[in-house]
Amino acid sequence: MKLFEHEAKEIFRAFGMPTPPGGVARTSEEAKKRAEEVGKPVVVKAQVLSGKRGKAGGVKFADTPDDAARHAEEILAMRINDLPVEAVLIEEKLDIQQEIYVGVTVDRNARKYVMIGSSAGGMSIEELAEESPELIIKHHVDPFLGFRAFEARNMAIAMGFKGKNINRLGSFFIKLWQIVTKYDVELSEINPLILTKDGRFLAADARLNIDDNALYRHKDIIENLHREPAEMNERELKATAEGMAYVELDGDIACICNGAGLTMATLDAVALYGGQASTFLDLGGGSDKERVEKGIEIALQYDKVKAILVNIMGGITRCDDVANGIVAVRDDQGIDVPLVIRMVGTNEKEGQDILTKAGIPFLKTMEEAAAKVVELVKEVK
Amino acid sequence: MKLFEHEAKEIFRAFGMPTPPGGVARTSEEAKKRAEEVGKPVVVKAQVLSGKRGKAGGVKFADTPDDAARHAEEILAMRINDLPVEAVLIEEKLDIQQEIYVGVTVDRNARKYVMIGSSAGGMSIEELAEESPELIIKHHVDPFLGFRAFEARNMAIAMGFKGKNINRLGSFFIKLWQIVTKYDVELSEINPLILTKDGRFLAADARLNIDDNALYRHKDIIENLHREPAEMNERELKATAEGMAYVELDGDIACICNGAGLTMATLDAVALYGGQASTFLDLGGGSDKERVEKGIEIALQYDKVKAILVNIMGGITRCDDVANGIVAVRDDQGIDVPLVIRMVGTNEKEGQDILTKAGIPFLKTMEEAAAKVVELVKEVK
Amino acid sequence: MAVLVDKDTRVLIQGITGSQGTFHSNAMLEYGTKIVAGVTPGKGGESVNGIPVYDSVKNAKEAEDATASVIFVPAPFAGDAALEAITNDLNPVVLITEHIPVRDEMIVVHAAKAKGITVIGPNTPGIITPGAKQKLGIMPGHVFSEGVVGLMSRSGTLTYEIAAGMTNAEVGISTAIGLGGDPCVGLTAVEAVELFKQDPETKALVLVGEIGGDAEERAAAYIKNEYDLPVVGFIAGRTAPPGKRMGHAGAIISGSSGTADAKIKAMNAAGIQVAEKPSDVARILNELL
Amino acid sequence: MAVLVDKDTRVLIQGITGSQGTFHSNAMLEYGTKIVAGVTPGKGGESVNGIPVYDSVKNAKEAEDATASVIFVPAPFAGDAALEAITNDLNPVVLITEHIPVRDEMIVVHAAKAKGITVIGPNTPGIITPGAKQKLGIMPGHVFSEGVVGLMSRSGTLTYEIAAGMTNAEVGISTAIGLGGDPCVGLTAVEAVELFKQDPETKALVLVGEIGGDAEERAAAYIKNEYDLPVVGFIAGRTAPPGKRMGHAGAIISGSSGTADAKIKAMNAAGIQVAEKPSDVARILNELL
């Protein structure tokens, strides 16, 4: 679950990390008021769960409250990465001495948290890793001992800080770690952390992603947010509620399969035969008739879909269940796009009999099925 | 810092441990009201920071609210272990199937927390250890991995519980552990934990001591209590505020020394020569003139004191500082009991000169000093 | 003749009385798996599919001499169950459960490492050694036939797809290991290759990867330096867009890292033939063996 | 010729710029201690009593090749300082600080154990080896004279009292170790005896105990079975009432355990002569040696 910048900053502040003075606005009037409260030049920032909002024009500076209102109006009318901007954050524009990067994420290989710091903040950590890898300081956290204050200071020292700044910067790492352990954070970044010309450290931006699998331990956070855990469209919400994995893509063929790896491989096969998928839909293991019905229904609601490819490798999932689900959708509400089915494994024979009886053709290999659906989509176009 | 039973139970409930219905009363009228609210036979329990209140008559059963009021009145008038009873806890009298012991403490030798459980609760763990050691189940907690749910269940199993009771009892251990880690608990006991005839587990008594050295991390608890961290008399409060260790005893000789071990050894030496100490007062390391003055002042306020023995082994503490402190108290306010001084170590010569000039005699060994002070006290009596 | 699991493996099922545990312990028994005990706290004394149920791993191990564990416990309790298995020295510990918090996974992995115990998963179909008729997991046993190819994979049904293709082409499997679809898993691809390297009966490997992380790149580097027998690869997610989780928590391209291209490139550089389609895997193996 | 600390020990002072650190580093230098560096985060580049100060133990160790640490850091930060010393393999780590939360102490002790590092204290006067003119702690050096008796104690000034008595009686000390007055300490009495046992120059021991816990009983049991040279004991707190903390956090009789009687009985059973008064210790040693 991704938090908005202003939500993440609220948590940061609760743990004692300073952020620039300011507040959230959902209208240009509110934006003006916030800017007046700040009483200095401000920055107006789109609140979206997406990086690169700067490049998309979602960050603007304003010298006066009226400017702030104007910028806010523009930004609130934008869509960034296909998501509407529902709020802006108005904050004091800082007098920057240095931009710093402070972050934490999970290192898959070490199976440990890794604290990351750099004296060269502002750009993305990926860009930094390519341009100046020597400026990235990493510390893998001992899974049993946790992250210690002296390790935080050592990071600040390795990042080139001296004197009182060692403890000042170190404390951001410590507080970030406290947030990580309290809220099962899987990724957090303060980028940039600003050292102002008058010597203060402030978290100027904030990214905070909580491990979805651990949300059940943090119901308090979700309640405090007064919003849905994620920005999802209607179909994504439905699929998530059903426990299916659903991703929308730019093509026109909906791939409905069981298992994430098989679904990805099916998308790839479609591409191999010259097609393009519109939908990644992993029904999950042990799907029954109702689940298959729900999956096809959700897939059909996406307006880019021009054909459906069902590819089932029966293990726990039984082919007869799948066949019954397909027949039910067709009979109850109709499927108005071409439908290609490939279905093998558990109860394969029974499933095929059901499809045959219902007059629905099927194929034996996923390659045949992928080729076929691409062919059919071309006819439709 | 020791919590009262009702304070500990509030924390227990916050962590989801059930306790018997009831509440605190500070007057007999309140006690009646609490008993009426319970609506069943109740137990009236003195709230004192001392064990063995049962034997002192501080626990009484009442069938009616009027009985409860009567018992409360009696108990609120009592002193238990020389402490006044300022509140009683009125709780539903439980229908007992089994009394269980659940506790946690620090094992000095293992340098680990140890979870302790027994199917034979109700009596003190020391008594139980003597009578039926085989009924005590212990688990040392891994300092890095902490205490796990399966270990809690294993304790319940080892204690002889079966079926759903394994998880039910286990959850008390888990919650106790959560409280330990959240609040730096150094000792906690639920004794007895009651299994009622209708199959419920309830924490019928509660003991919870927080590590004094960790109180700075738990200011919230102290604020919520609306009382001083410990029940101390005026002299104890003063000594504690000064960072001195001060313990009042039943004898008549105040021993003022530097260092806990030396102070204990001085008490012992007094006893060896036939005397009895009234006061253990460890001035601490590096005491200056003011500290010595304060220490003697506090000691003199205890009405049992008939003589003072100052025994200083100068290390960081300088004998001249001590001598100046003694002279200052004598000159400023007078010392109206016999005073014996032994003082060696750092700046011994300078200190002795100061005493000599002031006409205060001193001795060279602690044995001589102990013998002398015992002799002088006998003369006073 | 296999890795991690052989005919002497004596299996304990944690969470056996749940619907998943009951269903799959039956399927495992039918396949031939030596299940000796089940554990569900509070249900000691019951039995499931004829398997005795105990209240704790400790009790079950003492009574039935179990050596390995398969865990079907729901995610909030699965980390604890794994630590219980690890504490009692069961090895391997197969963690089927999906959606375990990553912090719990990290603790489990390192607690196991400290004791030299192999954790497979979480979010894995499990491990199967067809020659011993032992499967510790949820895979359909019949698609795996006995043979000399070691198979490791981050996904379930895709593995069955490839294994079924191999079986049709009469290419058998020594042991197939589902490494798990989560970002943090116990047994890594590199460690799996190391294990297969030590197995004299395994004559070739199949490495089925997918987008996300760099486990495949690391395995390729290891294979390049340390493994001399034929290896065939397959990578799912070649057309996946960056920044989207493709079903598996671990299947996500972050920024420019974790792409299929990078993995295929690394595999090719290590002399691994990478199949374009799942059905190509068996074909290439037949050419190589 | 000594245990844990000898002429080759190169000492680091953590918290050197604080009043305690400054005062005692000076006293140590005057005694002869080889202090090579100090650490106070944020004060790197300064110097105290001519000792260079670094921002971290890592930097200090790299620059000055320190081998041991003495910690004067205030209690809330002392656990962290000890872990920093342990992480950087300093040994021994002498934790002077009083009032450290017991949970922090436990973590420090076990982190050190895992690395084979000796933690002395917390709440200790430290350790002194008169023959090497090295003291790592706050004791007055002049009361300890060089000799063949190993001294270990849970208290500070009482130790000075006994050491001064020994010096007057011309009984010298190989090494004196303050074990610390807290309930949980690093080096235990048993471990201290083990160390002295391995030191060929130590010909007798003095074990100064006090009420609380059973460290003395354990040491006595160990001595009975494993240590053949003379041992003299002293126990403070024979007249202390139960349930009261006598200054030291660890000096408390809980219920009926931790009494001086039990300790003296255990010592006597192990053939240890227990002195009635501090001044008896030197007298008995003179008889035995």
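Note that the chains are named A, B, C and D in the order they appear, and that numbering of residues resets to 1 at the start of each chain.
The rule we apply is simple: a residue touches a chain if its C-beta (ideal position, glycine included) is under 8 Å from a C-beta of that chain, and two chains touch if they have at least 3 such contacts.
Keep in mind that this is a model prediction, so the values were computed, not measured.
Listing every chain that touches chain A and chain D alike gives B. Here the chain-to-chain distance from chain A to chain B, counted in touching steps, is 1. Averaged C-alpha coordinates put the centre of chain A at 27 Å from the centre of chain C.
Centre to centre, using the average C-alpha position, chain B and chain C are separated by 55 Å.
Centre-to-centre spacing of chain C and chain D amounts to 52 Å, using the average Cα coordinate of each chain. Taken residue by residue, chain B touches two or more other chains at 144-145, whereas all remaining positions touch fewer. Of all residues in chain D, those that touch two or more other chains are 107.
If touching chains are joined by edges, the resulting network of the protein chains shown has some other shape, matching none of path, cycle, star or complete graph. Chain pairs that touch one another are A-B, A-C, A-D, B-C, B-D. Chain C meets chain A in the complex at residues 23, 75-76, 99-107, 109-110, 125, 138-140, 143, 153-161, 164, 181, 183-185, 188, 208, 210-211, 213-215, 218, 234, 236-241, 244-251, 254-257, 276-279.
For chain B in complex with chain D, the residues that touch the partner chain are 106, 108-109, 111-113, 124, 126, 143-144, 181, 184, 186, 211-214, 216-217, 245, 247, 249-250, 257-265, 267-272, 276-277, 280, 282, 285, 313-316, 344-346, 365-367.
On the side of chain B, the complex with chain C involves touching residues 145, 148-150, 153-154, 157, 162-167, 170.
The part of chain C that touches chain B in the complex is made up of residues 41-45, 55-59, 77, 80-81, 83-84, 87, 107, 111.
Contact residues on chain B toward chain A in their complex (touch as defined above): 144-145.
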